[in-house]
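In the two complexes that follow, chain A is the common piece, with chain B as its partner first and chain C second.
This part shows the complex of A and B:
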């Protein structure tokens, strides 16, 4: 009863996988940044993406803004919220055992989802802006996913440029390599933590804005992104920034190809089996952990 | 106060309590868990509003057995295990007088074991899976048509228009699975060939690989056994991937106004099945529709109507039985045969619904039009569905 596999189908699925993967890379980079700098796994990363999506929805729905123009706004709002969260809560668990930070961010995650449920209700929302696709031979390229991929690639590139070239970026990497040495060199580590957390949340928010144009928005849309981002940074090497990039694209491809060759039900299982395998065989990830 | 006076007071209170039993009785408490959040939140909340309106209308007419009616509702977060815990709590801790069913087949199936254990009549207005009612359970009652016939109209139209092939996809939970199986059986009976079937997990948002396979199978009809969220995502991604069957039908979701609000023009031409529409010629349907809009500032969906009807049917059973006793209410509901604002009600000895009829809708220029069956339809189907790039 199944269909015969054609090159066009394979092409379509690879393209879909890469388009999704670029977005995974960008969002996961945020999680990798927080983990690299603070050794904190931020369970609230996905809900941050959800809030970014709602920011875009409000600006689109109430003020008629072009959703792609809301990107800097949604990023700025979430940068501030992220920084606030770091200053009030997260800084308390930076040096605590990892379980404390997991519990704290887990709590924050539940709180954010429930607040969103109260404020926005659990009604689905959508930003119906770009529908349809461009035909590239037998392959259909969804307009909204194409643009999301382009934005994600550009933002990820900017983030890397920032980390590599600017003084602040170098300070972030230095803190990520060794907090003590960074401190000795006169880097204000507290400030770096604050900024890194803000940037990470801004990256999640960018993801939210781009996702908002593609899928329906609801308060629980974020959690799956926490898991995906976590998978990505484990695959790529926790705290390894280029690894997040590679891991994202890989996850996108794995998901799509396994739903093509197996079934959609099994594709999630495949991704998590890989997670377990990665942890068993190469616990430091494909590119090794924490090199920056 | 002296001990003697205290004793007298206690005696007086006991006498007062015993001699005015009716006055001392509180409201009739009816418990339910509903999916107010989570994947099933959309239809679950419509059902909740149906219960709320039923409570209001019952109380306006003097309540039940001379007592006011009060719903005790908790949120099961679309999770069967939570539903089980909540019904256990409703019955043992809150000591409700009766219960009403939750949303979805999966949760109804899960909580049926609890309500059976405590001998509670469970009118489950939004459980459409046949097997729930065919397991020798005593107190389960069905209100809507079974899952198997949801897309009967889609298949019927397809066969009459000479279409040959159908692809069937479904969420991998109880109701959509049963519905997909039923659709496949109906298709084979109607002479259509089922060229592709696949299930996807609950909560799935990315259908690109699945729809790529559907596209390759190139069916005349795509029948999707969905709940709401997935129906929206599938429609969007079909457009993105230019998947162009001549007919696209979904089970749950296509009937909810929000479907069109979210999808705008993308919703047009999509067929959705419905258990009920406000425009159908059932007694009281129009009045229900008006009262509902007045109360909740939105149009009711069939989930609202089924919730309302289910609650009214339970009340009818209690009135006929003259008591809240489960066995008496059960006898009354088994014998009941009636036509409500929701359509016909009659059950077999298992509480399985045998009288209610489904309709098929199509979105036409942003409006729902009943296109099947002919005797209830308000318009003709727009056939075939044009390819996405031509609309």
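This part shows the complex of A and C:
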């Protein structure tokens, strides 16, 4: 295939890549948070995003709400669901071998997808709210993606501010650095686990809300987000919160760049090859070890 | 000792019964048994890597699909006889496992599990993309031939070999080392076990069975397409069977496969919409309440040996 790269095309790719990347960063930050604090990879992270998307769809479809205004609602619902999941099931496997937590969240994940199929059916649903695009010189930008990026950037910034400045945020970071020392300092680690899981699911739900406006939603849309979020934290370094930001943007850029040369069918394969390469070359992530 | 002898005798009797079954059984019965053998082989194979080393493979159906497509291409494209093509499917499974295992098994932690979670989707995309070889979304049709009975024997043989291999592995030093890795990988390394090499060998062994079974199932169905040979549901079923029966043992996966297969045929076919929900609930319940599965309960009740 002979592709002539014009500066306009490159600009388009870079901008679309960053737009998608901001969303990846936000969703992956949730997965990184759970992994950092509890050493658990939540396979149900993507299905949480899917449920967030459906929350938005219901509020939009039944009550005619502006989808962007459903964001706090969807986040709150998933925060509660996440906290409930942690309190009832996940806390039992936090100290168990990895096999237990992986299998448990996997079981939860397939159950959630099945419940969504029962409740919402497998029909494609869409939130037709903002369509069309705006032109910036030679670069065309879809409105919904632009707004999604703005929201994602703002929410991620808020999440970092929360982690850096508030007492609770500091307690979360302390717990992910060392649970024992955090306990000795008088931090209620169980509570931190609960809140972190809730926040992580809320971040996934925000992703779901924003994605719902961009593409059609269906019960099985979630799994690929678990995979991509994991890829992002591998790129950034597992347990490294700023790394998740960098990893997300990088994934967005690489996916868009590869779409210049390959058909979209193969774009998932690109993400996969990227994961395998990252594990071979720099298993500790681009930014290296843990940095919370 | 006498108990052991009774067990071997019962096994031999069962083997004879299964060997003559196609002479008497109905077409439906033979086909059901063939499917059961398939699940026994798949579950036992998954057990070899995940049950023994504790490295969870969320994408074992990828080897099944790789085997199915290798067989399909060799039979339809190169005119190979199906038994040879199915064996080539097993080789393809192992080759794929080598490709994935070398980068992903070097590391501890969840990397391997997630890499396997993505593998399936990638293979499906690749198979759809390379239309010239695989027929893309149109799939591949095998030349018509009724070979259900030979495939029944081939499938039974494969299942028996996988069970036998599991027995050999579990009762060997190699198996002991694998279980050491599962219990404490750092300690295993400190004792001088080359953990990467051991995990990789276990992974390769676990990929051969599904490759062969995939090839046999493809020949039996006579038609393959990307959606039918890479379903996530197959991986889920394998995992549920092993967990339910008892992971890390020889007979646990077999027991789980038989019990769940019968349940599936008799009861759950009426609740097809709830299938995944039930499986999800079983996984959660087994992980939390009976990590040793049904066999674990039997072992405690009847004082059976723990690993076999």
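Quick note on the criterion: the second predicted complex is superposed on the first by the 283 of 292 C-alpha atoms of A that agree within 3 Å, B and C clash if a C-alpha of one lies under 4 Å from a C-alpha of the other, contacts with A are read in each partner's own complex, and residues count from 1 in each chain.
Heads up, the rule we're going with is that a contact is a pair of C-beta atoms (placed from the backbone, for glycine too) under 8 Å apart; a residue touches a chain by one contact, two chains touch by 3 or more.
Worth saying up front: this structure is predicted, and the values here are computed from it rather than measured.
> Evaluate whether chain B and chain C can sit on chain A together after superposition, giving fit or clash.
Once chain A is superposed (C-alpha atoms), there is a clash between chain B and chain C.
> On the A-aligned overlay, A:216 touches which partner chain: chain B = first, chain C = second, or both, or neither?
first
> Please work out whether A:265 is in contact with chain B alone, chain C alone, both, or neither, and reply first, second, both or neither.
Both chain B and chain C are touched by A:265.
> Contact-wise, after the overlay, does A:123 reach chain B, chain C, both or neither (first, second, both, neither)?
So A:123 only meets chain B here.
> Based on the superposed arrangement, let me know which partner A:256 touches: chain B (first), chain C (second), both, or neither?
After superposing on A, A:256 lies in contact with chain B but is clear of chain C.
> State whether A:103 touches chain B only (first), chain C only (second), both chains, or neither.
second
> Tell me which partner A:188 touches in the superposition: chain B (first), chain C (second), both or neither.
Neither chain B nor chain C is touched by A:188.
> Scan A:224 for contacts with chain B and chain C and give back first, second, both or neither.
Once the two structures are laid over each other on A, A:224 reaches both partners.
> When the two structures are overlaid on chain A, which partner does A:279 contact: first (chain B), second (chain C), both, or neither?
Once the two structures are laid over each other on A, A:279 reaches chain C alone.
> Chain B clashes with which stretch of chain C: 206-214, 224-232 or 242-250?
224-232
> Which residues form the common part of the chain A surface touched by chain B and by chain C?
Common to the two interfaces on chain A: residues 117, 224, 263, 265, 268.
> In their shared complex, at which residues does chain C touch chain A?
Against chain A, the touching part of chain C is residues 50, 54, 56, 58, 100, 103-104, 106-107, 109-111, 113-115, 117-119, 121-122, 125-126, 128-129, 182, 232, 236, 239, 243, 273-277, 279-284, 287-288, 291.
> With touch defined as at the start, can you tell me which chain A residues reach chain B in the complex?
Touching chain B: residues 1-6, 8-9, 12-13, 16, 20, 117, 122-126, 128, 131-133, 135, 140, 142-145, 214-216, 218-221, 224, 255-257, 259-260, 263-265, 267-268 of chain A.
> Using the touch rule from the top, collect the residues of chain A that touch chain C in their complex.
41, 43, 89, 92-93, 97-100, 102-104, 106-115, 117-118, 223-224, 226-227, 230-231, 234, 238, 263, 265-266, 268-269, 271-272, 275-277, 279-280, 283
> Name, in rising order, each residue of chain B that touches chain A in their complex.
Within the complex, chain B touches chain A at residues 36-38, 41-42, 45, 172, 194-201, 203-210, 212-213, 215-217, 228-229, 232-233, 236-237, 239-242, 258, 262-266, 388-389.
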